[in-house]
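Structures follow.
In the two complexes below, chain A is the common chain; its partner is chain B in one and chain C in the other.
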Partner chain A sequence: MRRPALFWLLLAFTLCVAAFLVVPVGLSVLTGLTNNQFQGLSSGLTFKWVVKVWTDYQGPLWLSLGIALACLACTLLLGVPAAYVLSRTQGRWARAIEELLMLPVALPGLATGLALILAYGAVGSFRTHWSFVLVGHVLFTLPFMVRAVLAVLLSVDMRQLEEGARSLGASFAQRFFGIVLPNCKPGIVAGALMVLTLSIGEFNMSLLLHSPFTQTLPVGLADAYASLRIEVGSAYTIVFFLMIVPLLIALQVAGGRSKTP
Partner chain B sequence: MSPSTDHGVRITLSRCTKHFGTQRVLEPTDLTIAAGETLVLLGPSGCGKTTTLRLIAGLEAPDSGRVQFDNEDVTALPIERRNVGMVFQSYALFPHMTVAENVAYGLKVRGMPAADRARRVDEMLEMVQIGPLAGRAITQLSGGQKQRVALARAIAPRPRVLLLDEPLTALDARLRETLRSDIDALLRSIGVTTVYVTHDQAEAMALADRIAVMDKGRIAQLGTPREIYFQPANAFVADFIGTLNRVGGQRFRPEDAELVAPQDAALAGLVTASHFLGDHQRVQLRMDGGEDIVLKLPPRALLAAGQRVGLRIHPNPLESTAC
Partner chain C sequence: MGASGDLGWGAYAAAVTEPRYLRSMLSTVLLSAAVTAATLVISGVAGVFLARQQFPGQRLLTALLTLPLAFPGVVIGFMVIMLGGRQGLVPAVTEALTGERLVFAYSMAGLFIGYIYFSIPRTILTVMAAAEKLDPQLLEAARSLGASPWQQLRDVLVPGLKPALLAAGAICFATAMGAFGTAFTLATKIDVLPMVIYTEFTLQANLAMAAALSFVLGGVTWAALAFARSLAGNSVVAAA
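Then we have the complex of A and B:
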């Protein structure tokens, strides 16, 4: 079948846009594997930069993963009950709280970071502890968990399901863990994906909140670009990919499984 | 099947009221439902029938008044501790569980051992005739099948009271009729005290031992289906339960009159329309006095619009004086 000229035009345009977005990523990866960026590919390919990043930045790497998982735990513990309460509450106050939760997303991370330092920077050794960065991340990612779970809660008639469970004699704990949580699973998985990726990649706030002892991956990346060879910075990107992609795939698989009856 | 006519309780509402905001949805109401009885709360939407059901269930607390099961005051007892079974209009089945898991849920939260549970679930699924569907996901069921699961789930823990909130409204007409007679047989066989909410008068007539017709937050009339139909307490009840004709001070149902030759009758009028419905025909008349009436007549007589006919009303059609 002959396709109209417009089809080829649109295809070419789409490919151009896609290339525009993919090329920098590809170049960055390639640079990370090149012996000497000045001389280009003719200098040969090497893994030495990746190995260097892997050995020199063990600290930020594990710290970032640790903070992301702790952040996920916090947003689950805070966000899921919060979404549940918001879904059960009508009226202006509930809606106002929903909007307020979004504020840390709308505000520049720098502003939130500054505010946290002003308020809690002088409290004991909190400033140099990794939980200081964690607080910022939780503040920033919580609305994503709440929104995702709330959307699912509002799409199922959870009140009716709960009344059904109550009529059968289920206590609050029995129906929260037996009925509400299993039916929120798609929202929880979606929220968890957002929280993990946002926390691992968060830079604005972390730049202010980190201390020499609590450097996260993105801050380390900025550091590497600024003070070391461009090859090291690029290798950093590769390590970042290696870390985040398996995590996302694992979560997607878990999420996909929840959809089959 | 459990031949247990012993687990029904008497339900007593004493001066129960309920407001939502400033609106009073239930006027002070007294109602006694006998042990093992099937009571239907019938009325248009907003009449307070669902609120009454939810007060009995324990999903709402009355603003004033008392709810008793036999001699036990359950007014302050939440639904999860009242031991009632409930069937919802939208089924409220748990979508993440199979049919069998749904039916087992009430037994599980009561801590019944797994073997006993499985036996009771099988028994229940047989009772509502969906044994082969035990392993199905809820999303794979038709509306009628879902309602059967909901029934089995509500009955499985042997509740003291069974409450049904418009259980057939979401189903199509033919399925509604099948399920209605199945529910009737089921209620007769287990003998549990049942409160059934509907706005469908045919459903109410078919299922009820007694009907409470509700209007504007009040019980307008409480009685057997025959009493409600033949001795309506007021015009609202008479009109809500079937059609009521009024001609020259007389009130009668559409089936309580026949057509005769105009010169043989005290009352006469013109046929304005006639609808053939197979086993009967529904005929509209405009009487000489200006009243429009509807008659249910044998199907064979041929009537044309504009035809002049006489009307003979059968003696003693409605025994009420209030309409």
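Then we have the complex of A and C:
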């Protein structure tokens, strides 16, 4: 099939946009593997920077992973029941609570971080414990979990399914675990992936909330960019990409699947 | 929280009257507006193209365009340094072409590029979703009635996509207002509001001022997002 000139023009434009997004990623990966960035690629490729980052900066990496998983657990425990209740109640209060739940998304991370420090900063050793960062992350990611689950719950006729089960004598626990949870699985999966990516990448709030002992991966990255050689910063970025890109791909796959049920 | 401390409510008054804060507020708003406009044009064109055309490699191209979706601001700042920093790609290319090194990363221009980088993936997703829902018969009807591509764009595509574009634009504006990681990485002397807040907090330990400023900033972004939601229903924030 012959395509009009406009098609090729638009294709070229879109390719340029893709290049704009992808080229810096490639550059930073390449820089992280280059012996000496100043001399360029001719200085040879090496894994020594990645190894250096891996040996010197493992702390933030595991901390970020741990916080992300703990954050996921919290959002699952809090978010799924919350979404269920919100889907069943239609009153003014429910809408008001929904609006309040979205507030941490709208507020810049800096503002939430400041508010947390002002409210709880003086509570014992809480300030220097990693759970202080966790609280911020849960606040920030919970709305995404609630939204994702709520969207699925509202698209299925859950009330009718539950009524059917109840008429057959199923208890509330049986209905919740046997019917509600399996039905919102796509929403839970999408929400979980979102929570993990957001928590691992969260910086604005973490920068304010962290203490020297609770440095997360993005805070470590910012530190590396500011104070270390560009090769180390790039290698650090490679490690970050290795963590986040699989999650992003999973997110795209999950999103694509839910679009074509 | 902003009203505690020595300044009391004065901190709020200062946030909206003192020239230094007003100037940074103004430059943040202008920057965000420019970023929003540029992002909408770029993602609008690319998103509609990807949604309406079928060609080999299309899925891969879409995947590439949405890859940076969840990159944090710090990493995006580093991407800008890779492009336009002291040892970046653009300075190397311009030196080879004109003999002059064009370093743009550590300025407002760098921030502009960074925020566009940040906003393009999610805006493209929104535009694509809306363009796929648009009835293809409308365009066919316009074409059969003899509308030129430009007329199709002006009278069918843009009006049809308007809710999605407005919603995506509002989110883009709100994130650009509140974004901080990119500015933090590019640092030096970029006087946007989040940087001012951070400086007040860390260097001058002026908690009340920082809180008052972030409250004002939060108000602006919240208003922008509320506007977006009123236009496009509840699905917007979930995509943010």
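Following the convention adopted for this analysis, the second predicted complex is superposed on the first by the 243 of 261 C-alpha atoms of A that agree within 3 Å, B and C clash if a C-alpha of one lies under 4 Å from a C-alpha of the other, contacts with A are read in each partner's own complex, and residues count from 1 in each chain.
As a working rule, contacts are C-beta pairs under 8 Å (C-beta built on N, C-alpha and C of every residue); 3 or more make two chains touch, one makes a residue touch a chain.
These numbers come from a predicted model, not from an experiment.
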Chain B versus chain C as contact partner of A:Ala122, first or second or both or neither: neither
Greater residue coverage of chain A in the superposed arrangement, chain B or chain C: C
Partner chain(s) touched by A:Leu248 [first = chain B, second = chain C, both, neither]: second
Which superposed partner A:Pro182 touches (first chain B, second chain C, both, neither): first
Partner chain(s) touched by A:Val156 [first = chain B, second = chain C, both, neither]: first
Touched partner set for A:Leu168, first chain B, second chain C, both or neither: first
Residues of chain C defined as touching chain A within the complex: 1, 4, 42, 45-46, 49-50, 53, 55, 61, 63-75, 77-83, 87-89, 117, 120-121, 149, 174, 177-181, 184-185, 187, 194, 197-198, 201, 207, 210-211, 214-215, 217-218, 221-222, 225-226, 234-235, 237-238, 240
Interfacial residue positions of chain A with respect to chain B in the complex: 156-157, 160-161, 163-171, 174, 178-179, 182-183, 185, 261
Chain B residues within the chain A interface of the complex: 57, 59, 78-81, 83-86, 88, 90, 92-96, 105-106, 109-110, 137, 139-140, 153-154, 157, 163
Chain A residues within the chain C interface of the complex: 6-7, 10-11, 13-15, 17-18, 20-25, 27-28, 31, 37-38, 102-103, 105-111, 114-115, 118, 143-144, 147-148, 151, 197-198, 201-204, 207-208, 218, 221-222, 225-226, 230, 233-234, 237, 240, 244-245, 247-249, 251-252
